[in-house]
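We just call them A, B, C and D in the order they show up, numbering each chain from 1.
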């Protein structure tokens, strides 16, 4: 008996639920030295801005207990170079490509979407409204329901591509943020981005990262991310991509049970380059063992009442 | 960029203490051993659990029988502490080869390989390649390997280099062994002796790996003497293969990634802070 | 040269900055089997409610990567039994006692404070406006600036004891919460309480904790807690007690440099019962080595501009 | 509640594999060894780093020379995996004694000590105390220790109990050694044989430790035969000394803390779900 691993996120159909998270797979070339990108549900490319960005000075990263803090500063080649130099390779590799975009003005988000809408080989757009690293970056959008709705609306007008809004966890009420995104016309939400955090070098009496604060990712944040996904699923039943400290098949399954139709693997790619592939294989074995014909039937299968709040 | 990266659970085939806080770890990893070249590195997962979370980058001290990798390392923190516990038969999660390589002089040249502490690690492999008739095509007497150590307790691998025909020249900070002083001072005296009479001397080539202040001093010597110089640098490397952009280092007017643009850089590229 | 380890939090003067966090030291009897309570700056006792509470059914705890999730359900003996049975022991031990209180109505907070105000041997009251575990509990108070101010005002009327408001980290803007507490008449803020989170048992397809979600504590949350303390200090310069994953002297110092005048040790007590004592000794050695005569001069000594937001 | 809790970095004085996945770890911990009594436990920190974060509770298999603690344990997860790596000379963070104790029969009695797998752990110490003329004051022939194991590969410590004069009666699930069946079935047959003719028989006393289903079956037997029965239960124990309230177990109409009210409970107190 074959297992149907495909999942649907609104208009977006993926061959399987395992995706690479933005900023943790660059533009795919390096990962294809490890395994063929076409194996995965999708790759979400590093956040693109209109102009190329050099990123932040060192230190950009520091390890924390079961996690890591980063402040890359949205280093990226810019949308033009991406379309010219990176996208053709991804097309050649038959990767399912979701392009993540970031900006500081609604017009720029819209401009990015319009530019990408002209390209072939893009399966969807993910809106980074939550990057906590860059001063002029996205935090403001991601922490206000009004701003989220406006950004999504602005982008929605420029493209028919499936639209995913990637939410920030640095909020009181994640459900209202997800609702704001869906209200604006988003087809799905992905959550979570990194948690704003800090590590101090007590010898230098300075933060370790050059920008002071950065974004926390990895297994440390997993229980909080999982709670948020469950809250959003319980309240809205909208298409969800689960992200946050997913390291193995068990983690992926717990996110899917909590309501995620697909999951993104981020920090795990650093620890274990084959993690996404192993998760994919693990999901297949699990489905076989449990006699599940369509993995999608596991989504939201958690037996529990939301008791938060 | 087209070479595959191999990930495997490498079997530990041995581990010996070679000096104070310093170990030589042997791993069986044929696919990596076959491909890896001097200057490149691998990532080693130090823990089965998530603290420490990230893998650690290590140079290759020596490749044996295209099958085994020897890693020379110093215990400096939690990751290397965990590594030191590994016993024969255990398995460690590793991946590679990663990063760029040292270059070989195009013609006959005099090469100085300067290692500060475990910064010596990549230089056995490089020395072996340099004197290999098929690879570096250099004469043994033209390859000089310098090791700087805190004191005599921190000296390792002397016999390996002797056997290779490129014996170590050693400097210790406290003079308890070899030259008394920093290895960069030893280098300076050697550079002063150069050109060596009476033959028309071959051009010079510098390689260095070690703590930042040492690298900086070597870079300054290289500049002063106008010698081509390649430095293998250390950096926090979450991924080691170019996907996180976390290992940025300053180069003139820009950033480069230590893991894919490096770890080997031309001395003149780097910006010292 | 002796080191002056005493610190001041508004009207509250402590002999040293090391405190035991509420809910991680019960009422002190057990810790005094390890070392004399009088050594520490203070013990904050387990959250008290007006009536005794049995707490939640098992499982109440589960380990997570570098952290733990709990849902104790505010099990406590109630304020009367506390005053009768627990407080006399603490007085006898010469412990500096801060009593943490929790309630679901402002009147109950006020009632608790009024009752405690009549007792001798209490150095201060900590308001738990943030316990995420109990359905009828504090989360609502702790996530709204208006509610925080009202609770603090209500309690302020009933007691002259130093008042500390313990903030929830599950908010978008921790600075405004701290400000709301200070506006209401709080003498200091302590932060953070636990992060609302969840762990799933994929075999049972159920959350592990009986209540679904629980509160995440331990080193996993430390970088986020530290960031919040720094934000509040940078913005308000009010007296702060730092909490969240503090395991050793280095952690304590980083919190103090970021702006905490004192720190609370929580989860570390489980891992290493002597952790608070070791931290205290570590602070003293640090001060000696660095030739710091008054540890208080280290508070807020971080050299950095807030670059968040 | 007035006894001190000692925390120390205990030196590992030895570690041997006693059966499949099962180890006997010896620690030097005089202050704890002097005080600890049968049924009590200690917490062992399994990791220097923070994952796994929490310490793990372990019974005392045996106290030697009021100085050494032997811990009998099975590798079931990450913490015990880490423990199994400990070598002679390493140090482990431990604290104790913790929890309550088994009680000794007031007069002459027949004691059955039933261990399921590593549930046997607390029963060497208890058996030794029971037959000690100064403590339990029981006769050796009145103390019967039962061990239930999956199969013969999972049997341990037979010689220890033989030497003590209270040889193990063993049941294996697959009959590869001793009685074929569950240890509770073995217990049942032994209870059926009781009262042993011809003497007026001493009253019975049951102690059990092991997996939940086993404990439940023992509790039911105890109820049926109206025998006093003490169970040592397992629970997630973040602290082990009553400060977190995390280890609540259901007792009739209320919760108790497994770590301070237990780990030893009267069988009739516990509520089975």
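Here are a few things to note about the model shown:
The rule is short, and it goes like this: a contact is a pair of C-beta atoms (placed from the backbone, for glycine too) under 8 Å apart; a residue touches a chain by one contact, two chains touch by 3 or more.
Worth saying up front: this structure is predicted, and the values here are computed from it rather than measured.
By count of C-beta pairs in contact, C-D exceeds the other of the chain pairs C-D and A-D. Ranking every chain by how far its Cα centroid lies from the centroid of chain D, the top place goes to B. Mean C-alpha position of chain A lies 34 Å from that of chain C.
Chain A and chain B have centres, each the mean of its CA atoms, that are 37 Å apart. Note: centroid distance chain A to chain D, computed from Cα atoms, is 48 Å. Residue positions of chain B touching 2 or more other chains, listed in rising order: 49-52. Of all residues in chain A, those touching 2 or more other chains are 65-67, 218-220, listed in ascending order.
Contact topology of the protein chains: fully connected, every pair of chains touching. Taken together, the chain A residues at the contact with chain B in this complex read 23-26, 29-31, 33-34, 46, 54-63, 65-68, 70, 72, 75, 218-220, 247, 267, 269-274. Contact residues of chain A toward chain D in the complex are 65-66, 219. Here chain D touches chain B in the complex through residues 47-52, 78, 81, 85, going by the rule given at the top.
On the side of chain B, the complex with chain C involves touching residues 49-51.
Here chain A touches chain C in the complex through residues 64-67, 69, 132, 135, 139-140, 143, 170-173, 195-200, 202, 204-207, 211-213, 216, 218-224, 226-227, 230, 245, 250, 253-254, 257-258, 301-309, going by the rule given at the top.
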